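Two complexes are shown next, each including subunit A; its partner changes from subunit B in the first to subunit C in the second.
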Partner chain A sequence: MLNTIFTIAQNTFRETMRDRILLAALAVVLIIIAFTLFIASISIEQDVRMIVDFGTSAIYILQIFVAIFIGSMLMYKEVEQKTFFLILPKPIRRYEIILGKALGLTATTFTVTLLSTLALFAILLTKGATLFVVPILLSVFLSTLEAMILILISIVFSGFTSPILSAIYTIVFFLAGHAGESLRPLIMFPQSTVIEVVARGIYYLLPNLEKFNIRNDIVFGDIPNATSIIFSLLYALFYASLLFFVASVTFKKKEF
Partner chain B sequence: MNSFVKNNSHLFTGIIVILLLAIIVSAQVLYDHSSSMFGKESFRFTIKHRSIIDPKIVKHLAFGFDNVLADYYWISAVQDFTGWDHKEDFYLNYFKNISVLDPEFSYPYLFAILTAPTEKDKASLDKVAEIAELGMATLPNNWEIPFYLGTMYNMFAKDEAKALHYIEIAAKTEGVPSVVPLTYSSITAKKLLGKKTARELMSVIRDTTKSETIKAMAEEGIVLSDITVMLENAIIAYKAKHRTYPKTIENLTAERFVVIPKEITSRFDIIINQKNGEVSIVGK
Partner chain C sequence: MHGITIQNVTKTYLTNGEHSVVKNLTLEIPMGTVFGFLGPNGAGKTSTIKMLVGLSRPTEGTISLLGGTPDDISVRARIGFMPESPAFYGYLTGKEFLEFIAKIFKQAHPNHHIEEILKSVDLGHAKNKQIRTYSKGMLQRLGLAQALINNPDILFLDEPLDGLDPLGRAEVKKIILALKEQGKTIFFNSHILADVEEICDVVGIIDKGVLVAHDTPQSLSIGHKDLEDAFVHIIEQSRKQYA
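Coming up: the complex of A and B.
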């Protein structure tokens, strides 16, 4: 079983790494990272902050782009190119395909993240700002976990809708996942019990993606404590497991 | 004819591209020339209005990009500072939004305190104080925010109570450089705030800051403070001679009561209060 998953993951990784859209997105992000030097030059003594902020955000945008857009196309491409029909008759379970696909795309996300992070480090090195290595690594690690959740959300949606709609739904989840803070006043000071219950339900059921955002803290050299990181890691793993389960059920029932 | 075009299609494509480029460049050059885009005066502009998201909702629209949005507002504030007419609220709103998006970003608080309040709009200091209060609550170990605020209350608003209040907060902050509590003690012992104290406070800012920009601003504050004192002495001498206050600075310079560097007169308007002889130096 592990061999099958690994083979699918490997193929997905190879296939997505050859994707021209991905390579173009990576090139754009590398240009943005280089451009941070210019932004830094007009920021009045805030150069390192600007490089770290814009650099990590550019990497984050790349991860989200891979998760949402390439993730939504993942299953669709297989069906469109008829390669899915070659796999289906073989003794491979559908959940193995989903897991392999998700892991493959996560590996792609990880690779492009690594490349762009190295570029960011090179830019920071020109400013002599080596203190940010560990905080940045931790930040991109946490945002990779967020990307993993979004990959699975886009796979879940691609099970029953078109790639465009799947991407739109995933974007909605992404935005809602970062709007948890906006729901807090509705929970704390409810106008009615119904509103409170609904707000509380949305707050707890939707993925809390702000948990993986430490970009605001790392510019001050702050790193969240180990408990918080472990909690975020476990949250990501359990949420990913839930999405994987939902995706498996969806694809199991789907007729090709 | 057709075969000639076919055989030289690359040549024709090249010529068309060059022709189109030449038209585009010429049109832009003509436009720039007509509106003197590269003239010196093109850099002197006044920004009347900027659409900025309300501070109350900006956080809800950040979607995880709070830090980048704060940086964007910071860069916008820096870029718009020279064009700001010191009247419109948008400049302060940049700092409001920064304080909402990234309350720990300390430099903008200091920059806002030093740049936003002017002689033109003394009430702006209270608006800056609102933003700075948020910074003081978020960064309780930062002595610079209350100290700079106290300095500006002394310099611009001449509000002794508020100046002392903020300088006291700075003096009592943990890890503050010893010069700050010493300055506070000196001020409270003299029970006097004023231009000489402004110079003292500005000197503390200049000597303690690591920022070259703030150092330069404090230097300028010290120079302006010195010029103000010098002018007021000259006004006293002028009044003793003429039994009236000078109407303009030219009255003083013509009779060589004082010599003001051209650099100052070209950048600032010097206004003499005809009732009490007090001097205000206002940026042009």
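Coming up: the complex of A and C.
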């Protein structure tokens, strides 16, 4: 079973890493990271913070782009262009395909993240700012976890809708996942029981993606403690398992 | 030995109301038979082959392959399937794609085998080119190659000669005839009747989801100019009957 999942993951990784859209997006982000040098040069005493802020944000946008758009396109190719017709009749279980696809695309996200992070480190090195290495690593690690969740969400949606709708739904999920905290007042100080129940339901159903956002904190030198990082990791794994289960059930029933 | 058994299979879709694309289909295909499944466009040929390879499930009835069901992993390890106009991962090379498929079949050292298959489908020269640069004929031949990688006992081919130029058709036909020589069981969807007549031992004719004839091409052609003439006559008769 593990070999099969690894085979699918390896194939997904190889296919997506050669995708011209991905390479173009990576190139754009590398240019933005290089451009931070110019931005830093026009800011007074805040140059390193500017580089870290712009750099980590650019890397984050790249990760979200890979998760949502490359993720939706990946399943589009399988379902609409019927590459699945060559794979599904083989001795392979559908959940192995789902897990392999998710892991392969997560590996792709990890690779482009690594490349752009190295570029950011190179820029920081020119400024002698080595203090930010660990905070940046923690930040991109957490945002990679967020990307993993979004990859699985796009796979879940692509199981029963078109690729464009899948991308739109994933974007809505992404935005709602970051706005979850704004529901807290409705839960803490409810105007009515119905509103409280609905708000509580949405709050617990949607992933709290803000748990993976420490970009602002690291710019000001705040690093979350180890417990908080481990909790975020466990939260991501729990949510990813849940999404993987839903995607597996959806795809098991899907007919082509 | 178990081959293909289709018993009272019906496939109904619920889009735009209830619509049956295959109706109460029963067929028995023994091992070693080359079976041609004929019918006009939209007759139910592809729907049937999709159910046979597990891409969809019958609404009613049962399908047995090699003594198991199309969902059994052990059965899938022994079948090959080439879909109509196969689509591939365009950024992989032909060789990489076959390596990927070989790994799914858990083949330990597939390189020599892959080289042989690539040569047999005349893709040896293009094995290191990305698939997105392949012509239609090359894609069809790569589709056939991936279906053969596990040396299957039963091979399902959905319109394997469709869209090929005469040279490409001759090449693919030659491969299918060689497989027939090896005693493979082949389930072959087509509407190119001259090729079916040449390749198949037995044919079934389906129209509007109903099996309207099932015999050898020679028997069906008795009293007709050729199989094409017989096919047209059978379809016309069946449509009059159901009108």
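The criterion applied here is as follows: the second predicted complex is superposed on the first by the 252 of 256 C-alpha atoms of A that agree within 3 Å, B and C clash if a C-alpha of one lies under 4 Å from a C-alpha of the other, contacts with A are read in each partner's own complex, and residues count from 1 in each chain.
Basically, a residue touches a chain if its C-beta (ideal position, glycine included) is under 8 Å from a C-beta of that chain, and two chains touch if they have at least 3 such contacts.
A quick note: this is a predicted structure, and the numbers were derived from the prediction, not measured.
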Contacts of A:L88 with subunit B and subunit C, given as first, second, both or neither: second
Which of subunit B and subunit C A:E45 touches, first, second, both or neither: first
Partner chain(s) touched by A:S182 [first = subunit B, second = subunit C, both, neither]: first
Subunit A partner contacts - residues on subunit C that touch it in the complex: 50, 53-57, 70, 73-74, 76-77, 79, 81, 83, 86-89, 91-92, 96, 100-101, 103-106, 143, 146, 156
Residue numbers on subunit B that touch subunit A, as the complex places them: 59-60, 62-68, 70-71, 74-75, 78-79, 102, 104-105, 107, 111, 211-213
Subunit A - residues contacting subunit C, complex: 3-4, 7, 10-11, 14-15, 18-19, 77, 81-93, 255-256
Complex interface listing, subunit A residues touching subunit B: 39, 42-46, 49-50, 53-54, 57, 60, 174-175, 178-179, 181-182, 209-210, 213, 215-216, 219-220
